[in-house]
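Here it is, the structure in full.
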Amino acid sequence: MKSVEEIKTAIEAAIPGAGVEFVSNPSPSAQHSLRLAPESAIAVATFLRDDAELAFDFLSNVTGVDWPDKEVAEKVKVTRTVTKSVDGPEGPVEQQVEETVEETHKRVEPGCLEVVYHLYSVAKKHGTLVLRMRTVNRSDQTELPSLTGVWRSAEFQEREVFDLYGVVFSGHPDLRRLLMWDGFKDHPMRKDYVEPDDFEYEPTPHDEVLKRAQERKSEGLGTRD
Amino acid sequence: MAANPFFVNLDQIFVLLRNWLVGFLPVALQPMAGVLLGVIAIVCVFPGLFALTTVFERKGLGRIQNRIGPNRVGPYGLLQPVADGIKSLTKEDIVPLRANAVVHFLAPLVLVVTVFMGFAVLPMGRNMVLVDMDAGLLFFFAMGAATELSVFMAGWSSRNKYSLLGAMRAVAQMISYEVVLLLSSVAVVMITGSLSLPKIVAAQNQYSNGFPHWYIFTPWGLAGFLTYAIAATAETNRSPFDLPEGESELVAGYHTEYSGFKFALFFLGEYLAMFSISGLGTTLFLGGWSAPFSFLTWVPSWFWFFGKVMLSIFVFIWMRGTLPRLRQDQLMNFAWKFVLPFTLLNLLVTALWRFMGDGWQRWVVCTVILVAAYVVMGRLEMRSEHFGRRSYRYAE
Amino acid sequence: MSVTDIKTERVAGWNRPPVIEPDGEGELLEVAMGPHHPSTHGVFRMDLALDGERVVRLKPVFGYLHRNHEKLGEGQSYLASMPYTDRLDYICSLTNNWAYALAVEKLVGQEVPERAEYIRVILAELTRVQNHASSIGFLIQEMGASGTPLMYAFKEREKILDLFESLTGSRMMCNYMRFGGCRVDVSAPWLDATRKVVAGLPVFVDEFEALLSSNEILMARCQGVGILRPELAINAGVSGPMLRASGVNYDVRKVDHYGIYDRFQFRVPLGDHGDIYDRYMVRILEMRESIKILEQALKDLPAGPIMDPKAKLRGFRPKPGEAYGRIEAPKGELGFYLISDGGPNPYRYRVRTPSLINLTILEDMCLGHNVADVVLIFGSVDIVLGEVDR
Amino acid sequence: MSYSSLAAWILSWEKWTDSCWQLNLEDALLGDGILKGMAETARNFFGSYVSKERLTTVEYPEQRIPTAENARVFPFLVYDGANWEAGMRCVACQICEKECPPKCIYIEKSADKKPDYVGKQQFYPTRFDIDVSVCMSCQICVEVCPFEAIKMDTQFELATDDRFGGLLFDRKELSRSNEYYHSIHPTEASEVDARLAEEKAKVEAKAKAAAEAAAAKAAAAANPAPPAGGGS
């Protein structure tokens, strides 16, 4: 099999302006991946499937990853001019001095939802090629193109990602929730998902759960028996 | 030996008992009382047999599957049906809200009553027939046809999609196989020339060289018996033709919505139908109550009848333990495209048998025709249904 | 939502389900097959629209057994997820263990001692035999054979489960493999018992085949029903015996050479028709091949440690990175995808289960067939709901 | 016909049906596969009466399969000696509580300390509860325990009519003696004992060395002679 960089070159040769990005994987598994631009994803996927040499005809795994908004604390060296009083020969004198200070900037790195695809080739018996796609953010722009038309095996798995992560796959033939029920609101696999406090607690010996169970029992709510 | 009065009395013990009991009544009431006693006997004996059969079936299936089977209630689990009966009586009788309650209630009753009626014409031993009707066979089939009604009543009135599908299947299946059942019995009628079941038994109750003249020992009789057996299995909804209740597809088919005692009645009805249809098969092809060898004629006739019935029940159980179930369209194809033509051919062969006269020629001719027809039709059936053995390839 | 209300966009394409129009007049009968149904292998639902008994629409409904296995995995240490993998496909817990261990070993670059690899192969192939036996048993049970083949299969499975119990301590929830080896060493008596069981397996398969393979009813029910074309099978990500029954030569054991599978001589049986009968026969033949692997592995089992001494049990923190490891589980390709952020818990823990993805083409296979066939086709996919809903 | 000759006949039956099958492998008759299957079930039916091997079921409450040595059901706490409270090996380190996948263990650490089996002062659990209705018998607690204090029981008949209290075992109910541990997992328990004895010997040797050193030091301090070095 070609290396991931070679595949990237091949894609770029076949589809100009594909916007494929190489993502390195530092772990010993060395399964590096390619990040696709959502606009050209279907074209790239079709190329990967139909190219005689690559022939990635088997989409093994589709999954979502949640990257929540991250607060990044950066130390930045800032150089600015400050007015300082300097002890001059004639007493304190106001003077413009250039000063370099380290400042801690806190900025919020916007999170995103990522969808990861693992490809294999049945015809050529090679693999894994890992593809990834990212949404713009986690709240309102969570659309990604569906690859169900290229690989049918994405059908249920993309439904699952939609269900559990909230990625909306445009062009999916039947985008409904897969595992949760239809009326369910949130997306449980997101990192910031808060479990609703509505299930029945069994009195386990655990401090927190036990406390909550006892509370509910005293309120006459939701405990069995 | 046969003339030994003890064995004669043993053979006739039930008849003598009835006559003795009836003797206490005024003459005018005696025929009615005699029939009533017979009815009571049937109503007691066959449900008892049903209870035993359920245990034997479960034990037999267990043994086929290398298990022990029920052995907890009573010695060797023999009291299991009592426990089952108590359980079914104490269970809640659920009637679906949207069900047609009257029909839902009547269906199991209709089944059990009509099935019981069939026993009226079965000769269960020498002189042991409740009503010696000239058209007994006809009566039997008329009663048998009424079971379809009850199955459909049950399926329709439950307002359950599975029940409805089961009922539709049952009606289609039972009507198709009724034809086969009738036509394979017609062969016997053609030879015997009578629709009276005691006369049919009497025709078979003869021996040459110690062997009986049962119809199963003739080519047409064997073929007729096989088609009869297939049709009987389908008629009683037993595996491999248990589609109307096919539990893996239709949950429980037409009796999905039945519970408690009504369900037990369906269960009873199914087994009674099995007994009655085995009894008829025994009567038609296996010589009824006659002994299998002339030196065994001293054994009471009712023993032979019930022995043969239980043997056919065993075959039913054995088939149930072995065979998967057919599909609806295959079942119908099998009935109309394979069994029915074969039965019709068998009628021709029977006629040939009757008019060719004694001698070895008719044996050869009839056998050759039937075997050839079976082989050819079987191959055609397999080809038209596109199935057969396959070979497989390997990749290294 | 009823099945006819689901407005699936009928995308034209060779890999979409065929459009079946009901013939004749009258309304469609909508049947919710499951979640309480004798042959949906647990709590699974298929919403059917029937025209008579013919299926014109089928929508599988999942999630009745959903417990968010993946979220649980993200909330606890790598080791603590191991017993949870037993509960995915509870019939073959050892292959689940192996797949997870393999993914973690890939993530941290962990070596596995040779003896442990042999033990893994032995256990995985025993698992495969008992899974195929019982799945065929279930299939024939769904065909209405009142449990006889199932009981024969279970009788054999019982012997294998006894072996599992005496080695791992539990019959089904084995929780046996660890990152870098196995938990307990096999003993000489265990190996003798295993050899005895393996010697009895061919007899069992022969008996099974005598009972079933040439049965006309089985052939009539299975042949030509639920046909899956190879190109669709590949495109829909179908794996395992289902894929091979469609004639696609793809076995992860042969392709990935994971573990030490390249040391054993075995063949991959392939079907030519892709129907239920081929799936049944491929499973039978795979059992025979597994027996061959077992014989070889039991003969060559080397001495040595069963755990890599460098492997860590407590304080296991992989470096940041990700890995996807997959094995040929009895039901198909079972993969685990892990992302580590350097913490004690995986950042992302994903299970690629064969059962769920093999169901993708359930509708394609069932449309136009009878209700009775739907049950059979569903049974021939060989799923376990613990794995489908996770 | 005796049983053995019946058995022989049944066993030869298979060969017979097989040879029949060989004859018409190519041109199968309709129904011969069914007959073959029927022969197979008949063989099993009679075989189950003839050979005990065929019957794999065990009539449970009367007959029992001996428990496998590696079998595991629910955890218990090992104690040494006769008194469960004094001899409890658990030092309330709470590793098992943290590692337990279904989180069914609840431990409260003591405020004071008591000597453990090597005589070192250790904490002990004032409360050690396991909810066996939640426990999934995975044995992770046993594996992570550095003190050989928690082991797996093989007792499985724990049915109770109290779903919550009856299945919540406190430390008294969980305590089992080391002898019991030996009786259910002999090999493993001997290994554990050997390891502990080794550790104890090491600690004792160390303590002895330390004591000797201390004595030597004390002796050295008592009679101030020119320091001869050593003594650590």
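Order of writing sets the chain letters: A, B, C and D. Residues in each chain are counted from 1.
We take it that a contact is a pair of C-beta atoms (placed from the backbone, for glycine too) under 8 Å apart; a residue touches a chain by one contact, two chains touch by 3 or more.
Treat the numbers as computed from the prediction; the structure is a model and nothing was measured.
Colleague: Treat touching chains as neighbours: how many steps, at the fewest, connect chain A to chain B?
Modeller: The least step count works out to 2.
Colleague: Does A-C or B-D have more contacting C-beta pairs?
Modeller: Between the chain pairs A-C and B-D, A-C carries more contacts.
Colleague: From chain C, which chain is the farthest off, judged by mean CA positions?
Modeller: Using the mean of the C-alpha atoms as each chain's centre, the farthest one from chain C is B.
Colleague: Could you work out how far the Cα centre of chain C sits from that of chain D, in whole Å?
Modeller: 29
Colleague: Averaged over CA atoms, how far is the centre of chain B from the centre of chain D? Could you give it in whole Å?
Modeller: Their C-alpha centroids are separated by 56 Å.
Colleague: Report the inter-chain centroid distance for chain A and chain D in whole angstrom, where each centroid is the mean of the CA atoms.
Modeller: 43
Colleague: At which residue positions does chain C touch at least two other chains?
Modeller: Residues 148, 152, 155, 211, 214-219 of chain C each touch two or more of the other chains.
Colleague: Tell me, which residues of chain A touch at least two other chains?
Modeller: Not one residue of chain A touches more than one other chain, so the list is empty.
Colleague: Touching two or more other chains, which residues of chain D qualify?
Modeller: Within chain D, the residues that touch at least two other chains are 28, 30-31, 34, 37, 40-41, 44, 56.
Colleague: Could you list, by residue number, the parts of chain B that touch chain C in their complex?
Modeller: Residues 61, 64-67, 161-162, 165, 239-240, 242-243, 246-251, 320-330, 382, 385-390, 392-396.
Colleague: Under the definition above, what is the set of chain B residues touching chain D in their complex?
Modeller: Where chain B meets chain D, its residues are 60, 63-68, 71, 318-319, 321-323, 374-375, 377-379, 381-382, 388-389.
Colleague: Give every residue of chain C touching chain D within the complex, in rising order.
Modeller: Touching chain D from chain C are residues 76-77, 79-84, 86-87, 148, 152, 155, 158-159, 162, 165-170, 173, 175, 183-184, 207, 210-219, 313-314.
Colleague: Which of the residues in chain C end up touching chain B in this complex?
Modeller: 29-31, 37-39, 53, 140-148, 151-152, 155, 211, 214-221, 223-224, 249, 251, 254, 267-273, 277-278, 281-282, 285, 370-375
Colleague: Would you tell me which residues of chain C are touching chain A in their complex?
Modeller: 1, 6, 8-11, 13, 15-16, 62-63, 66, 68, 70-71, 106-109, 232, 234-239, 248, 250, 255, 318-326, 333, 335, 337, 339-340, 347-348, 350, 352, 356-357, 359-361, 389-390
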